[in-house]
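Down below are the structures I want you to see.
Here come two complexes built around chain A, the first alongside chain B, the second alongside chain C.
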Partner chain A sequence: MKPCGRLVLQMARRMGSCEQKVSSCRQFSSEATAHDNIKVGTLCEMELAVAKQLNMKSHLPAPLSKQMDTLGEIVTLIREPIAEIASCMRIVDKNLPNLRLVLWGAFGTGKTVTLNQAVHHAYTNKWAIVHLRSAMELTRRVKEIEMSSFVSGRINDPSNAVAILQNFKQQNQHIWKILGVLLTEKDYEWSKSERTLKGKPITEIIEMGISAPFLASDCVGALFRELRRHAKDDKLKVLVAIDDANSLWGKTLVKRADRTYAPPSDLTLVVHFRRMISNDWTNGCVLMVADKKEVADARDELGVSRHTPLELFGEEGFEFVEPFVPIETTNYTESETDALYNYYVNKNWLASKAARSEEGRKQLMHLSAFNPYYYERLCAFN
Partner chain B sequence: MHRLSHIGTRSKSTLADKLRNAVGGADYGKSKQAMAAGSLTAKDENGEDFRELYVMPKRKLRGQTQLEQATGRAEVKTRSRFDLMDRLAERPPRSEEMDPEKHTWSDIWPAARTFASSVVPLPVRMGSRPNVEKRAPFKKEGNLELVKIPNFLHLTPVAVQQHCEAIKKFCTPYPPELLSDASITPSLLPISVQYSTYIHQGTNIRDIRSRVITMIVDVDYLKLSENAAEKLVRLAGNRYNQETGQLTIITDRCHTRKQNLDYAHYLLTVLYHEANKQEAWAELKERSDNLQVEFDGSTTKSKLEDLIEKAKSSGLKTDEKALAEFGEMWKTYRNTEETAEKTREYGRQMKKMLGI
Partner chain C sequence: MSKKLANFAQKRWISCSSNSFNMYDPRVFREPVSNVQELRKPLDVDDERNFLFLKAMKSDATPVFYRDSVIDKLIRVCTKDGEKETSRKNVLSALEIIKRRQYKAWTKANDEEKKSIELDPFVIARKGIKNCHPLMKLQGVTRGGTTYQVPFPIEEPEAEFRAMKMMRDICRVRAKHGETHFKDILATELLAASQNEGSTITAKQELHKTCEANRAYAHYRA
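Up next is the complex of A and B:
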């Protein structure tokens, strides 16, 4: 689909088949002026080390992460949506309630990749990143549950909570020292024996959660609360990136004791993430992806679900998420496909002679119907 | 039975008499006749009457008749039919006695009746034949198939014309206002009733679907108050079409069309009167009970107002007047079918309002 990564490259089209310079650069800095912005339609590479830190391998869509392994680099196309997100992130201010953006679009148009590009952008601008790979994991891929001792009726998910904390730790290594300076505002009594005292760095909460899975869900909640507090105090800016965010109001596969499915509002992690989305805190940006996975039914051969936000979030979710700025991801334009095509040709990714011809270029474009996912798949097989 | 008089052969004379008659005169046989008759003069020696001697039968002998037959001079006796008088007593079919000058078809066949082959003057045939070229379908006399099917012989154009002429004096002309401008029909005639009639060729001419009645009413013309109109919409359920504002009542629960029509009228009346009733519990209606989501009073509006204020204070070029426009767009977005284009419009207006 989309190669991932960020490097400034010249428009490959002009240079024809000559090799592209690979040099890392920081794009979309928070105080960037117009001319600093990378032009929409160019390819950008992400450094592998950065990608590793940001755990891109698991967060990117599968075809792309496999391509990352094969080609040894992550190169993505900069398109309209990420430019919009970057401009929105520039507006984030300590007085402004958190800006909510919802990425929506048809299948295979680049929602997840844009989200990851935004995460990288946040990284380069030293924001704190709360990145959730997929909210569906919280609602539908719950391996084991525990009833919460903190609030009765809530259901904890130790394995997912630990994963979230570990992911947070890994992704925020670039600001770990800053996080180490931020202090907790109150005593946290996790259980009778474990507690975190007031005035301790919040990194302790993370460590506590990772070491004790049965406390992890509560630690996640505490961590998020501290992040919100410190963002309000303008200590740091926070990007909350949730893929498949509409699943937070969707279907659950968690069974309660009476063999009924628990609603998502009964799951602690879902509640914590919903609090991160709600706009009672400032100095942050919440980037959500509305994905059809939640409502699409594989057994329904005739129905086609919509991919628009109201349909996917549902009434309750929509009213919670409002007011937000919807950002649409669309199919490629011809120039975008050209840029990608030239990249693939240079990388010798397009193997067959037919694919490398002019005729092949046009065919690939049209066969995929300009859909980024199918374009990548076609190029992989030709 | 009538017997034609014929001359019996037994009264004919013998061959010898004939010859004698042929040779002799008229009175030749008188003496003989006298003797044969047994007169007083003709007595024998003993004084007894003369007894005629039977020598030859008084008929044509077999040989003679055979000769006559062979030569072709035999008298052919025409025997009449045994049922001849019965046949003569029967009249020919009526269709043969019809004269277009003297009779009118609508007098002969005034109403629908089963096919009567003797009355219908048409040489109509009906029947399935394996090879139509060789043998024609069966004729109408005694043809049950012609009897079984429905015929429309009572509906000749002339008959129809006569019916129309008879009814015309009870009719009024079609309203010229409706003829000139068909679009004002709903305002003058707000209720439209639709039903279908089905014609079948077969053993059963009936169709159960002909009792279905569809009644379409334009709700605006009921002139209900706002609350009553909303109540009507709720009562009607999916019979009410929001886009066209029409209430459609389809009934087929009664056996006949007339009954279904009456039922449809009854339903409309009940809906109207129930809609006009205001119940005490209707006061308990909340925002979540509304049929449509309103922008005013929604959490979105309050959050937006808050956001716009804060955005202004942090330096964005917000547009407050755009909030009303946004509210309109939001209401359409929430209450009608969501499309990609509507979502894009939502995005555009949001960005404009917040000054992004």
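Up next is the complex of A and C:
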């Protein structure tokens, strides 16, 4: 294991029983007050205004997004993974290299939800947030490409780059003034006519990229470089949250001029995100999700692929990403299902009489096999 | 005797509807128990099921708490090309959509109206199907070369089937070009039918009108 990784792991183990900082959420347990720590096993509500700013509607999984629309609130369970992430984020320091966490687990156990809870936690603690909805969008949902003028052979993706910049702008409104104070370190010559001079606020890079899509990919790279630099100088802490991060080393559907598929290392946005993951900057936390979407094949009926980080990142990806702290998401326990069940009953979401009976409560747990996704699906039509 | 007849009928393409042939030998197999409470009770010592086999349980007879005969029948009616899982997904999604729409209306309503809004999608679906039950059916009777559409009386199970079939056909026509999904259209239809509105109710009323118009042909009922 690399020496910096050993140091990070030692720090992580040392603070094992560290108490977590409270996020601004309404607790659902009667004992917790505003000054108590987050209790694992309770439900936590995210305010709608905050959720709107963090663009939760598009970042949460589809069923939860619909629940937000119908019930008018986002209430999620606080489980062990988010408690671990919160305590890991506490030890992020300007002297330590960035702390890499990989969320892994079976289907429907809460990887994306935990990622969004962590983004919310970063928001309340006034961190800068770089949130990518899915790395698969960069590799497989590329509508139009442009060859890069900055590095030959690299492929730019204007629409995704603009989307990333707009998302960054929307999610970091809470520290926009702080970002306006941070200055660029050098002259950026985007093209023959456009340039951003040294000493200008980095928000100008974002505005430049949003207004000119053909420059947006380079603007993303410059923005990330400036964020890393300012994090090292202890001006701000950065949370990099990438869903489906293993796709950064996966399959691409981008065709080059000679009709072969480009490897992900040829795409500028993938390169920029890989640099954000790499170990050479400090005062940050990189939270990645290893998702099976990348390797899942609907036509392969016999094969059963594993959901471990080594299997999903592949050899190259795993070597790049390690050392990291693996955080496993698991199925519900009986007390967690009870908490969620009581919430649904109080909210009148479980409408049928059979679902509200004791028999219904037990059957819901067991029919869903304690899987959070299938539990929510079963409660949806009952 | 019935086994030989069935074999002969199969070879000679003769319709044989008197005694339906079942792969399960009736001397050896019994029906499975679908009720959870009964399952938990121990069997009587001299119950014949101690010595016999049980038939395999069908996928829509499992003892889950949300078992509903009307919804199961609707799933079967909407099944196409034997893809019951797709049909089940569609119908249960339609129930979810009904619940979401009713829930949204419920949150906006004041306290008086809240009592009248029904949130249970199973209750709404049952009521919708019940409102679509036709009271008579039209059957073709040929007399002297002409086929007359004669009104006949109808029993509950068949009325239920015809209601579901009418609704399913209307929804399939509307979902044909793929812009709206079958589940959304089915949800709208079930909700409207529970209020006695919608295309299926209109189709039922048209059927009743035709039956009334053809009441003179009732004499042709054999």
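Keep in mind that, in the parts below, the second predicted complex is superposed on the first by the 346 of 382 C-alpha atoms of A that agree within 3 Å, B and C clash if a C-alpha of one lies under 4 Å from a C-alpha of the other, contacts with A are read in each partner's own complex, and residues count from 1 in each chain.
The definition used in the following text is that contacts are C-beta pairs under 8 Å (C-beta built on N, C-alpha and C of every residue); 3 or more make two chains touch, one makes a residue touch a chain.
Nothing here was measured: the structure is a model prediction, and the numbers come from that model.
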| item | value |
| --- | --- |
| Fit or clash - chain C, chain B, common chain A | fit |
| Contacts of A:58 with chain B and chain C, given as first, second, both or neither | neither |
| Partner chain(s) touched by A:319 [first = chain B, second = chain C, both, neither] | first |
| Chain B versus chain C as contact partner of A:351, first or second or both or neither | second |
| Chain B versus chain C as contact partner of A:309, first or second or both or neither | first |
| Touched partner set for A:211, first chain B, second chain C, both or neither | neither |
| Partner chain(s) touched by A:363 [first = chain B, second = chain C, both, neither] | second |
| First, second, both or neither for A:95, with chain B first and chain C second | first |
| Touching partner for A:70 - first (chain B), second (chain C), both, neither | second |
| Closest approach of chain C to chain B (Cα atoms, Å) | 25 |
| Residue ranges of chain A in contact with chain C within the complex | 66, 70-72, 348-349, 351-355, 357, 359-360, 363-364, 367, 380-382 |
| In the complex, chain C residues that touch chain A | 36, 64-66, 92-93, 95-96, 99-100, 103-104, 106-107, 119-123 |
| Interface residues, chain B side, partner chain A - complex | 298-300, 303-304, 306-307, 310-311, 313-316, 333-334, 338-340, 342-344, 346-347, 350-351, 354, 356 |
| Chain B-facing residues of chain A, complex | 87-88, 91, 93, 95-97, 104, 279, 306-311, 319, 322-328 |
